[in-house]
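Given below, in the form of structure tokens, are the structures.
What follows is chain A paired twice: with chain B in the first complex and chain C in the second.
Our next item is the complex of A and B:
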């Protein structure tokens, strides 16, 4: 099932996530918003910055703290043509994390590249 | 008798340094938990400066929370002791009081 093959309206929405999912529902709300936008044929970029990048670490086991693995909700995004899951390089550089710590589908982009994406977006939502 | 300080929000090293300077007893135990754990991911918290600041203190982190976030292998530092929830309770009982930051 692909709900976004025809991007006739060509509206671009960038969603920026800057906080970890363990303390709030930001991550889930951001992904839900992305799915809604994609269902209306918008192009969606999910952009992770600051501690938001920790949402994308693979092999999380949130059940150890009686929580749900939020990262699992990203698995279905490709069916909605959301294939731009982006980590800001500068945020990554401030941590001891490496690209290998993240799920496979992420793309690393510099702040300048992300700024360009944001300039070209019709809607920019920071969560 | 030492105090147990709970660091529950994300700190940068400058903030942490100021917090540590305010501790009356430098031998106090400092426990990183919840989003405070993310502080330890920072390259700053693996620096000589961090080691100097915490030379006299015990730095603790909740093991289950590290594993839940899959960062237990990343935060592998001889200065930081991973403790279980049961040990957290022990530290709480042995401490004169707890301070949450």
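Our next item is the complex of A and C:
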């Protein structure tokens, strides 16, 4: 395993998260998979759609539901070169949420742009 | 470069039809001599490896079907260690760690790390097929 900016990134893996925060272990298990794939030099995109976008809301009070702050998990992603944490524009449009509600590192992409990313990926895992 | 398939299963065994579809798919792959790299169980799918599960006799006996696939094809059925322990599926090693009387992992399955799946996915000749 290796970490760092000079790794060869031939294999692209997209992981799609569609279910809301704290409802199950989807987020943790998706991020775990992303981290391990990145450690094996894969280029990983974490793509949040539907209710899954709520996982990325900042200032969540996880302790009030006896859970841990899952957004903290994302802070370590850049060390594994996971730069692409993506929210689907169309999913965002269905809510009253705005970009400012989310952690800083997210990128907003349209469904068409995400489809293109998926077409170019070697592996697609929908959690 | 000959292609190999990694089969990823993430559906709970309660969704029996997903497992049955996966098993039928693997049977066809074997019949057509398509190379299968590995079968990896993640998320709720790991619960199928619980040797104490007792589905009603008139419902699909998934563990027997997976065992049959494993024996006939020599395929290793891998379950994710973190997903397994999180759901109470433990092997002999973890049973000793926890000082409990018995493990509950069916002998057809092997608990491994996510790294096994990621390493397989890093092989350019491997294609992932996900059943959920």
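In this section, the second predicted complex is superposed on the first by the 121 of 127 C-alpha atoms of A that agree within 3 Å, B and C clash if a C-alpha of one lies under 4 Å from a C-alpha of the other, contacts with A are read in each partner's own complex, and residues count from 1 in each chain.
The rule we apply is simple: a contact is a pair of C-beta atoms (placed from the backbone, for glycine too) under 8 Å apart; a residue touches a chain by one contact, two chains touch by 3 or more.
Model, not experiment: these values are computed from the prediction.
> Is A:59 contacted by the first partner chain B, the second partner chain C, both or neither?
A:59 sits against chain B, while chain C stays out of touch.
> When the two structures are overlaid on chain A, which partner does A:123 contact: first (chain B), second (chain C), both, or neither?
After superposing on A, A:123 lies in contact with chain C but is clear of chain B.
> Tell me which partner A:115 touches in the superposition: chain B (first), chain C (second), both or neither.
After superposition on chain A, A:115 lies in contact with neither partner.
> Where does A:22 make contact in the superposed view: on chain B (first), on chain C (second), on both, or on neither?
first
> By the touch definition at the top of the document, which applies to A:42: first (chain B), second (chain C), both, or neither?
Touch status of A:42: second partner only.
> Touching A:99 in the superposition: chain B (first), chain C (second), both, neither?
Neither partner.
> For A:33 in the superposed arrangement: first (chain B), second (chain C), both or neither?
second
> Would you sort A:51 into first (chain B), second (chain C), both or neither based on which partner it touches?
first
> So chain A touches chain B in one structure and chain C in the other; where do those two contact lists coincide?
In chain A, nothing is touched by chain B and also by chain C.
> Using the touch rule from the top, collect the residues of chain C that touch chain A in their complex.
Listed in rising order, the residues are 8, 10, 42-43, 82-83, 86, 113-115, 117-119, 121-122, 124, 127-128, 130, 132.
> How about chain A: which of its residues touch chain C in the complex?
1, 10-11, 13, 25-26, 29, 32-33, 36-37, 39-42, 122-127
> Quick one: in the complex, what on chain A touches chain B?
Interface residues on chain A, with respect to chain B: 20, 22-23, 51, 54, 57-65, 67, 93-97, 101.
> Name, in rising order, each residue of chain B that touches chain A in their complex.
10, 34-35, 38, 41-44, 46, 64-65, 67-71, 74-75
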